[in-house]
Structures are given as structure tokens and as C-alpha cells.
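In what comes next, chain A is part of two complexes: it sits with chain B in the first one and with chain C in the second one.
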Partner chain A sequence: MVVYSFYIFDRHAECIYKRRWLPRPVSTVGSKSSRPTSEASAPGLPATLGQSARTTDDDAKLIFGTVFSLRNMARKLGGEDDNFVTYRTSQYKLHYYETPTNIKFVMLTDLKSPSMRVALQQIYINLYVEYVVKNPLSPVEHPGGIGVNNELFEESLEQFVTRVLS
Partner chain B sequence: MSSATKASRIGEELWKTRVDKVNAELVTLTYGTIVAQLCQDYDGNYHEVNKQLEKMGYNIGMRLIEDFLAKSNVGRCANFRETADMISKVGFRIFLNIAPTVTNWTSDNNQFSLIFDENPLADFVELPDDGRAQDELWFSNILCGVLRGALEMVQMQIEAHFVSDVLRGDDTTEMRVSLVRYIEDEMPPDEE
Partner chain C sequence: MAVFSLIIINKAGGLVYQREFQPGLRKLSTNDYLVLAGTFHGVHAITRSITPKLPLAAIPNPPITPTTATTPSPNIASPSSTSTPTPSSSSASAGGYTYPNPGVPATGLESLETDKFRLTCFQTLTGTKFLLFTEPTMANIDVVMKKIYELYADFVMKNPFYQLEMPVRCEAFDRNLQGWLRGRA
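Moving on, here comes the complex of A and B:
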């Protein structure tokens, strides 16, 4: 399996960490992008246009919008405790894990990958809490990703993902 | 199984398996030193000391909740009563190895008291004998802040304060906790 990218969003809806492992696949206009597009996902989501000049910031915003809406829809239909775990398109799989503190972990992988829910939870427990939250020098909140982008966290994440990959 | 018994079990289990222990006296003495230093820095202005302790606690609580969740792996509480049991039987248990009694609920289930039969922060402590500390200083006020910070991160705005303290000569040590509101999800800022 292949991990394409990884994002963390904080409770203020800000993307505090993003990481890509593969160059963006050349997207043919419209549906064949490896980013969340409207295909094969829930109705009512804003359809992404066939823009070719999106930045990684735009990607992060798109992904946030998508998981935010999906999660709210899941809660409306399935009750307060319900949440979605993953969705797939014909090109990629998006895995989602949210902590009770409203931190959202998102990972995009290829279609062959098994559920990454546990992996995302492990990233939260063993990497995020250990190296970001418990780091006395990092601020409590991370506007602009300050404090999350420390070496220990990034390296362990790199290692974790390479291990999961193999 | 009531939520209290369930929480007790979780707390017990975590305390045994997941928690690193430190010497209790180290905690007591470190905390005592901080309070003593604050009393000095603020020149015996105990209201200010209470406020600073609360603020320190708040900053601790905002981080501690993540450690709590990582260790306990518990989900969201269904109501404020469940939250109270979780605080007492799991939170206090794994971080201070005590389980204060939850009691004195208001009829709307939005306010309760925590009665501390033991308080590791206050072992060996005597308040300054200046005639004011007995009436003004809440020695363990940091705990109020910890609760406020921790609960804010799980979308609850609360208010917590001590109403009595054995250090002041009261019969019990009691903290009053009130739910102010549940905090709504934040939306991303509008672009266009």
C-alpha cells in the first residue's frame, strides 16, 4: 500500500500539519484527481472544480470541508456518537480519526490499503501526545503549525509511515 | 452497570497498567514551593495568588486532557453526570491516585461538588499565620484551573471554585463545579 498524504486539523479548524509523500498525480480535468472530488462521495458536498493550480493549502481546505461535512452528516443520520471512518473514490481512500478534543487526523492512501483507523489513533497516542502535547516548549495551541513541526514528531511520523508501508 | 462503577473500573485498571508513578512527596513539595513562591512574588496578595494558580492549572489542563484521552481511550460522555464520574474516578485517579466523592447535584444536573477526603497537594501544609491566608488563600486552586482547561478542550465551558478547605479549618475540602455551556464546533473562517 501507498500513503499519499497526511493532515492534522485542530479544534479551530486550522490545518496544523500536512505532509505529502508522493508528488501530486497529474490530474486530468475533473474527476480523475487523487484529491477529494465529489464523485462516489456523499451528496450535497461542494463539488471541486477542475482546477489545476491548487496549492497544498487549498488541498487542506478542501479536505477539511469534506471531512467536516461528512462527519456532520454521519452524526445527523447515525446519532451523536457516530462518525465516518473512511471513504473511497476510484483513485484513493481517505481515512479519518477524530479525538474527543476535536483534533482531526486524515490520511490519504491508495485503494489497496486496509483500514488505517488504528494507525491514525496510534499516531495520536504515541506521536502527537508524546512529542507535541508533552513538549514543554511547544505552545498549547498551534496556530500556523508552530510546535507540531518539531524534529522528533516529524521523524517518528516518517518512520511510522515507512513501517506501515512495508 | 452504573457509570460510576464503570468509571471506577476504568480508573483502577489504568492506574495499575498505564500510569508511571512518581514519589508523592516530590509532588507535594514541588507544588508547595510553587505556592509559597507565588505568595512571595505577589507580596501576600492571596486573591492574585488564587488567580495565578487557576491560570497555571488551566494551561496544564489543556494538555493533560490529551494525555488522559491517550491513556484511557474513552469516548465522549453522554451527559454531565457521566463527566463528573469520569473526572473523579478516572481523571483524579490516574493523575493523583485519589477519587473525590461526587455529590450535591443541583436538580438540573448542571452543578456538582467534589469532596476531597484526601488531597496529596496539601499534605504537610499549614497556611501562613498572618490572619488573612485562612480566609483568602485557596491552596489547591490549581485543580480548579486544570478542570476548566481540560473540559474546555472537550467542548464544555465550566466554572470551578473551592467552597471549603480543611487547611482553613473547615470540616471538608469541597470544590463546586458548574457547567456553563457546551461549546459549539468552530467553523473554518469564510474565504471569498
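Moving on, here comes the complex of A and C:
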């Protein structure tokens, strides 16, 4: 199974973390641009990842709009306690997990992957809470899109995705 | 084995048919259903546009258009190549890219799962969308979808009084749909 990308949105609809993986890790290892982008505008990243017309920023916004609309739709039809879990197209699957504090975790994977709800929950509990929330230096809110700029979190997320999920 | 409801959206995103078969989902007002149809129409288009694009490795042939990608390149043939990366380390050449599932055209949302229901979307070649709400555990939804499309073709499209893209008010369609779904349950 392949993980294409991973996003975290805070409760103000701000993308506070995004990370994309290529199916060919060899070509990116060692190059500086393969570092996770936490900043809103990481220079030199988007063009190398095959998305020339649209930047990763725009992608994050589109993904947020999508999951936001679908989540509201699920709530409208299924009741307030219903949760949107996943959707799939002919090309990819999108998994969604929302914490009680309205932090949204989104992951795009290939079609063969099973439900990632537990995995996203683990990322939240074991990585996000441990390394970001419990870090006294990490800001609670992220105005201006500084985002999660935390080496420990990024490293362990990398490990989690490459070792646990594949 | 419950089919909750069916919604048909025309190619412009307008709601043309909405019917509930079994209780299970909350009832919305007509206006809310119209909003839902329009929203879904938009989201459907966005989900297609956010399909991950995988940069093509340096393959001998020039990159081909992604919608007709059928080249048996070793890189794009197996989307699960994370653990077995190709040795070539050149970056994406000339912005060429492929979709994860080459050979299959990129579609929008096909099925959506929540805790309470599963939404299956079938888009016809002409752009009409059939949204079927079922239980999350229900199997063989494509059979149901196919039959519904068949009934739609028979009783709506062949109805000489039906105006294209307008709300479906065909009693025969209602009757047959209801009858078939009841016979199945």
C-alpha cells in the first residue's frame, strides 16, 4: 500500500502540516527539497513534485474544502454523531479523522489500502499529542500558517508511514 | 440490506429526483436536498482534480497524456512500488506525470463511507449522477445501481413526455423502482 500525502488542519481551517510522499523514495533521498514542508510557502518544492500548474498550497485548500463539505453532508444525513470516514475514486482513497477538538487529519492512499482510521488515530495520539501538543514551545494556534514545525514529529511521522504502514 | 434513498443529479448539478425507500437517514427539506445535490456536484469535480499525480521517471518514450496512459512502463505499472524503487534517480522530466492507476480514467468520488451509511455515486456517460445511500455493510451495490440505471433508461428516458434535465415525475419509474427494491429486500 502507498501513502501519497498527509495533511493536518486546525480548527480554523488552517493547514498546519502537509507532507507528500513519492512512490520512488530514491529520487528524493538526500535532496533538501524532500524535507517535510511545514511552512506555508516552501520555496522550490511544488515544481519538483510533478504538480506544476497547482501548488501544494492550493491542493491543501481543495482538500480542506472537500472534506469539510463531505463531513457536513454526512452530519446532515446521518445525524450529529455521524462521522465521515473515507471516500474513494477510481485512482485514490482519502481517509479522514477528526479529533474532538476539531483538528482534522487527512491521508491520501492508493486503493488497496485498508481503513486507515486507526492509523490516523495513532498518529494523533502517539505522535501529534506527544510531540506537538506536549511541547511547551509549540504554539497552540497557528495564525499566518507557521504550522507544525517540529523535527521530532516529522521524523516519527516519516518512520510511522514508511515502517508501520508499508 | 437496506437501501435508504436515491438521488439523481443532472449534469448541471441540479436535483432531478429524490426518493426515500427505507428510514435510516435524517429527512431534509427540499431546499436542503437541492443544496446537497449542488454541493456534491462541486465536490465530485474537486475530488477528481486532487488526484495525486506521480511524476514519471525518465522513460524512453515521451510522456503520454494521462487519460490514455497504457504504456507498460515498469514504473507506472505498479502503484505499490514504494518498497521497490526504480534505480533511476532523475527527477520528473518535463513535468510529465501519471495517475496512480494508469489505464483507468480519473473519476470523481465513487463511494463514500461514514459510520451510518455508504454513499455510492455512479456517473453516466452523459454526466447524470446517481447517488445511492445504503447501509455501510451492504454488498453488491453495483447490481442495484445497474438495475436503477436500467429502470431510469426504461421509464424516464423512454417517456416521451419527459423533458431532459428537468425533475423526474414518472409514476411508472417510481412504481417499478419501489417494487424492485422491495422484492429484493
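Everything below uses one rule, namely that the second predicted complex is superposed on the first by the 131 of 166 C-alpha atoms of A that agree within 3 Å, B and C clash if a C-alpha of one lies under 4 Å from a C-alpha of the other, contacts with A are read in each partner's own complex, and residues count from 1 in each chain.
Just so we're on the same page, contacts are C-beta pairs under 8 Å (C-beta built on N, C-alpha and C of every residue); 3 or more make two chains touch, one makes a residue touch a chain.
Just so it is clear, the structure is predicted and the values come from calculations on it, not from any experiment.
In the superposition on chain A, contact is made by A:Met1 with chain C only, not with chain B. Note on chain A: of its two partners chain C and chain B, the one contacting more of its residues is C.
After overlaying the two complexes on the shared chain, residue contacts for A:Lys61 are found with chain B alone; chain C is out of touch. After overlaying the two complexes on the shared chain, residue contacts for A:Leu152 are found with neither chain B nor chain C.
Within the superposed three-chain model, A:Ser69 lies in touch with chain C and out of touch with chain B [touch as defined at top]. Of the two partner chains placed by superposition, only chain B is touched by A:Thr101; chain C is not.
Residue contacts after overlaying the shared chain place A:Ala13 against chain B, while chain C stays out of touching range. Shared-chain residue A:Val118: touches no atom of chain B or chain C.
Residue contacts after overlaying the shared chain place A:Thr89 against chain C, while chain B stays out of touching range.
Overlap of the chain B and chain C interfaces on chain A: residues 65, 81.
Residues of chain C touching chain A in their complex: 25-26, 28, 32, 36, 39-40, 42-43, 46-57, 75, 79-83, 85-92, 95-97, 99-101, 104-117, 133. If you check the complex, the residues on chain A that touch chain B are 11-14, 61, 64-65, 68, 80-81, 99-102, 124-125, 128-129, 133-134, 140. Listing the residues of chain B that touch chain A in their complex gives 59, 62-63, 65-67, 69-70, 73-76, 153-155, 185-189, 191. Listing the residues of chain A that touch chain C in their complex gives 1-2, 4-5, 21-27, 47-52, 59, 62-63, 65-66, 69-70, 73-74, 76-79, 81-92, 94, 108, 110-112, 162, 166.
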